[in-house]
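Working notes, beginning with the structure itself.
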Amino acid sequence: MSLYSFAYGLALWICEVIAWIFNTIGASGIGGWLVTPGVVQFLQVIIVALIVFIVGFLVSITFIWQERKILGRLMDRRGTQVGVLGLFQNFADGLKAFIKEIIIPKDVDKWVYDAAPVILIGVSCFMIGLIPWGPDFYLANLSNGVLFVFAAFSIAPFAILIGGWASNNKYTVMGGMRAAGQLISYEVPILLSVASVVILAGSLNFLTIVQQQEDSMWYMFPLILGFVVFLVSLIAEIERIPFDLPEAEAELVEGWMTEYGGMRFGLVMLAEYVRAYVACSVAVLLFLGGWSGPSFVWPEIWFLLKVFILFAIFIWVRGALVRVTTKQILGIGWKRLMPLALVNLGIAIALKMTGVF
Amino acid sequence: MAQREGLGPGGKTGEVIAQALIEQFPEYIKIKKATHNRVYAMVDKTAWLKVATYMKDKFEFDHVTAVSGVDWLEEKKMWVVSHITSYSNQVTAEIIVELPRDKPEIDSVSNLWGGANWHERETYDMFGIIFLGHPRMERILTPEGTDYFPYRKDFVGGRRV
Amino acid sequence: MDMRLAPHAIAMSAQEFLAWSRDLMEQLMQASGGKKAVDKITAPIWSWALRNANYPLHFGIACCALEMAAASGSRFDAERLGMIFRSSPRQTDVLLINGWVTAKLRPDLRRLYEQMAEPHWVVAMGECAISGGPWYDSYNTVQGVDTFIPVDVYIPGCPPRPEAMIDGFMKLHKKINKEMKGTFLED
Amino acid sequence: MAEMWLNMGPQHPMTHGLWNLRVKIDGETIVEAEPVVGYLHRGWEKIAENRMYPQIIPLADRLCYGASMSWEHLYCNTIEDMMELEVPDRAKYIRSIVLEAQRIGSHLMWLAALGTDLGSYTIFLYSVRERELFLDLMQNLCGARLTYNYCRIGGVRNDVPANFERDFDRVLTHFEKKMSGLEALMDQSSVFRMRMEDVGYISGEQARNLGVTGPNLRGSGVEYDVRKDDPYEAYADLDFQVCYENEGDAFARYRVRMDEMYESCKIIRQAIKQMPKGPYRLKPPRTAEKGKSGWAHVEDPRGEGFMYAIGNGTDRPYRLKVRSPIFVTVSAAPVMLVGYKVADVPAIMGSVDMCLGETDR
C-alpha cells in the first residue's frame, strides 16, 4: 500500500466522521462539502506531509544518537546514556533548548540574525520533502528532483553567511566567509559527479534513477571514482570533520553559531543533522541503488539501512581524521576532486556512448 | 652526538671564562666563584652591557636563563641577577648587578638576547627596576592600572582584591 | 471570556491588547489553579531535560581543568551523563570555575556569567575557586568566586578527583530537580 | 576584509589555560601577534617568601599542574643547592623515575590538547586514557593524581611501594604498544601531516636567541638538554639519547615529544634496574644562612625550568625566583605565528605545549 493511498484512506475516514457529526446535528450542507474529493485530497496531502516530516526529523534525531554512540565506541567509551541506550539525550537537549532564555545580543542585525536559522531549517525541511524512501513513499515526485535538492543544499551556506555576518562578531564573520568559500569549491565537483549519474540514468527524477539502477546495476560500481568524489564533497557540503571549517572549534570558538543560543541553536543543530540525513539519502539514491534490495522486507527498510550505514562511515571518518585548514580545503576541492570529477564524467559519457548503459 | 664528557664542543670551562672576564674588565668585575660549569660574578652597573656583549661574542653565551630582581630593603640596594648559559661551553654564569634602591635603572640586554625581553618586563612589573633601551617597558603580569610593585619588600602581602 | 469584565479591551492598540490579554490569561490561570496544574505536570519534564542536557562551558583555568579533561576522558566519561562541553557561553548552562580567579580575570568571568542564558548555574571546583585555597594571602587573587557571582555547587578538593567532579554535577542535578518548579508560565 | 585585531582568549578553546593571543589579521593571514599573559598571576614568589621551606613544596606543585612533579623537584633541588645537601643515591634514582613518568604524563596531556586543537577528539581521548595509567602509578606512589607533594628537601617522602617494578613494567609495555598505534593514527594520516608540517617555523638561531627551550628548541635542531648537558639526579649514569629534529616546524616539535616519550620509557626501565638500596631521605636543616643563594635548572617537560633562591637566616626564603620555560616561549610566539593563517594558530600553539600556571606564576 502506498503512502498516498494510505493517507487518502485516512483523510476520507476523518472527513466522513466529521461529516457524520455535522449531518447528525443537522448541518448537512457542511457535511456534504466535507466529503468532496477536493477537501479529502487537501487533507491527504497534509497527512502525507506530516508523516514524511515526522519520519524525516525522527531519522535526523536518530542520526545524532547514532553519532554519539558510534563515536563513543570508536573512542573507547560509552557515549550518551540518558534513557534507554541513550536514546533520550536528544529529546533532553531539545526540551532544554525550549526553555532557555532567548538572548539577542545588543549589536546584532536583528532581522537577519533571526532569519538565518529560519532559512536553514526551512531549506532543510524543503529537502526532506524531496527525498523518496520507496517506490511509493514520498511527498513530492518532481521530474527534476535532483536539481532541486542541490539547489536547496546550496542555500544553506548563504544562511550561514548572513547569520555569521549579522551576529556582529569577528569569529562568526570568519565562519560565514569560510562557509561561502567552501560552498563554491565543493559545489562544482558534486554537481559534476551528479551529472555523470544523470547521464547514465537519463533522468533527473529520483524514482527513475533508482529504477534504472535496479534494471542495470548500482552506479557505485561503474562510477566508483565519482562516488568517492561525491562522498568527500558531501562531507564538505554538510560541514563535518574533517571539513567543518565554518564551525572549527579550535580557532573560531563555535564558528558562525557562536552568538546563537537557546532554541535558535537547537534549530541550527537539528538543521545540520537534517542536512546530513538528506545528503546520505541522496548518495544512497544516486549511487547505492536507493531502496533496491532483496524483497523479503519493505524497500523503505533497505533504504534506511543504507542511509544509516553511510552515515556510520561519515562518523568513522570523523573519528579518524583531524580538521583541515581553509587553504587545504580549497586545494583539495579544486586540485584533486575537480579533475577526478571530470575524469568520472568522461567515463560516464563513454559508457553511455558505447551503449553499455 | 656522542656521550659528552662534561664539556661541549666549545671547550671553555668556567674557570677559563672567569679568568678572561677579569682580564678584560679588571675594575668592573668581581668573580665570586668559578667551577668548571658555573661562574658567579658581580658586575658594576656601568659595564653591564659591555660585559654582556663581550660574553655573547666571545664565549657564545646565547641563552638567557633568567633575569631576576632582588630587593634588599635594609641595605637600600637592589640586585638584578642574570643567569646566562652558553650552550656550546655548557657553562652557566650568574651575574649580579647592584643598583641603588632609590633609582633602579640598568641597561637592557633584550637587544642582545630576545629571551631577556619578557624577563626584564616582568622584573620591571614586579620590582620597578627600569631597563633602559628596552623596546617595551610595560607591565606584563599584573592588571592594568596597578600602582604598586608587588615583589618589593616594603609591599606587604595579604588580601587586596 | 466575559467581555463585560474588560470594557477597555476594545480601544487598545494591538500591542497593548497582547500584553493585556497575556496578563489576563496568567491571572486567570493563577486564580483558577490552572497554573498549578500545568506546572505540576510540566515541571518534572523540564527539570528532567535540564538535568540531562547540562552543558558546561569549555573553560579551563588552572589545575582542576586537567581533572575536567580527565572527567571527559574514557575512564570517567562525563558525556554519558549529558555533560557535553561547548565553547560558546550562549549555548551552555553551567559555568564551571576550575581554578583561582585573579584581578585580571574577574571582569571577564563576570561577563561570561552574564553572557550565559537563563537558567544557568555556577559550579566552583576546587579550593581556589571556593575560597582562594593556597593563595589565600595573595595580592592578586579573588578569595572565592562567590564574592562576585552566585555559586550553586561547591566541589572541594585540591584538585578534586574526576569522580568528585561528577558527583558535584549529580548534586547540581538534585538541586535542579528541587528548584525547577513552575517555570513554564513564568518564562 | 580589512586588517583587524582578533582576541583569541581568554575564553577560547585554543588557549588551554588562560591567556589571550591578540592577532592582527588580514583576511585570515596573521600579520602581527601579541600574546597577553597574566590572567593567572597570583604572586607566587611573594607568597613563597611568607612560607617555610617545606610548605613551599605543595605550592610548587601548583606552578604547572601538568608536570607538578618536575616543579616540586626543581624547588627541592634549588633548596638543596642553597643548603649544600647531597641527596642519597636511592632518592636520586626514585626521583629520576618519577620525573620521567611525569614527563610522559605531561607529554600525553600535551598530545590530548593538540588533538582537540586539530579537531580530533579521538586523539584527545586516547591520550587521556593512556595518561590515566601513569596517574595510577603516581597515585600508588604518593596518593595523589595531579599534585603529588612527593619530593622532599633532601630526598623523597616515602620509599617506593610494593610491586613498584612490576607495575611500571606493565604500564610501560602497555603504553608502548598503545602508543605505536596512536602514533600510526597521526603520523600516517596525510591530513594530520598537512596540518602540522611547514607551519610555525622557527629557526634554531632564532629559537636560541629568543630563549626558547626544551622540546621546542630541540625541534629546531639545537641539541640542548639539561639532563645531558648539566646532569642532575641520576641522569649522568643513565644512557639515553637527546631527541631532536631539524625542521623547526610544528611537526618537528610534535616528533620530538613523541620520541621523548619512548626515550623516557627507556630511562625508567634502566633506572629501575640500577636502583641502589639505602636511605631515601636525609634530614635537612630548617633554616638557610643569610645571604646564601642557590639555583638549579632542570629539564621540565616544557623546557628549562629554573629557580633561584636566597636565604635570610630564617626558615623562610628571602627571595625565590622561578623561570618558567613557557613564559619565554610565549614571548617567541609572534615569530612562529606571523605569516600563517588563523587556522594554523591552534596547530602552532598546540605544538608549543602551553601551561599558564607556570607562565603567570
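Each chain carries a letter (A, B, C and D) given by its place in the written order, and its residues are counted from 1.
To be clear about the criterion, a residue touches a chain if its C-beta (ideal position, glycine included) is under 8 Å from a C-beta of that chain, and two chains touch if they have at least 3 such contacts.
Bear in mind the structure is a predicted one, so any value in this text is a computation, not a measurement.
**Q** What chain is most central when centres are computed from CA atoms?
**A** Closest chain centre to the overall C-alpha centroid: D.
**Q** Taking CA centroids for every chain, report which one is farthest away from subunit D.
**A** Max centre-to-centre separation from subunit D belongs to A.
**Q** Distance between subunit A and subunit B based on Cα centroids, please, to the nearest Å.
**A** 64
**Q** Quick one: subunit C and subunit D, Cα centre-to-centre, how many Å?
**A** Centres of subunit C and subunit D (C-alpha means) sit 36 Å apart.
**Q** Centroid of subunit B to centroid of subunit D, CA atoms only: how many Å?
**A** That gives a centre separation of 24 Å.
**Q** Please work out the Cα centroid separation of subunit A and subunit D, and write it as a whole number of Å.
**A** That gives a centre separation of 47 Å.
**Q** Which positions in subunit B touch two or more other chains at once?
**A** Those would be 142-143, 150, 155, 157.
**Q** Could you list the positions in subunit A whose residues touch two or more of the other chains?
**A** 75-77, 249, 253, in rising order.
**Q** Specify, in ascending order, the residues of subunit D that touch 2 or more different other chains.
**A** 12-13, 38, 41, 43, 46-47, 50, 125, 129, 360 - these are the residues of subunit D that touch more than one other chain.
**Q** Once you've mapped the touching chain pairs, tell me: line, ring, star, complete or other?
**A** other
**Q** Following the definition at the start, I'd like every touching pair of chains, please.
**A** Those chain pairs which touch are A-C, A-D, B-C, B-D, C-D.
**Q** In the complex formed with subunit B, which residues of subunit D make contact?
**A** Interface residues on subunit D, with respect to subunit B: 37-38, 41, 43, 45-47, 49-50, 206, 208-213, 222-224, 228-230, 242, 295, 297, 304, 306, 308, 310, 318-319, 321, 323, 327-328, 330-332, 360-361.
**Q** For a test of understanding, state which residues of subunit B touch subunit D in their complex under the given definition.
**A** Checking each residue of subunit B against subunit D gives 1, 4, 8, 37, 62-66, 68, 70-71, 81, 83, 87, 90, 92, 94, 113-119, 122, 126, 140-143, 150-151, 155, 157.
**Q** Using the touch definition up top, name the residues of subunit C that touch subunit B in the complex.
**A** Subunit C reaches subunit B through residues 102-104, 106, 136-143.
**Q** Subunit A touches which residues of subunit C in the complex?
**A** Against subunit A, subunit C makes touches at 45-46, 48-53, 73-74, 77, 79-82, 86-88, 90-91, 93, 115, 117-119, 183-184, 187.
**Q** What part of subunit D is in contact with subunit A in the complex they form?
**A** 1, 4, 6, 8, 12-14, 28, 115-123, 125-126, 129, 185, 189, 191-192, 194-195, 341-346, 350
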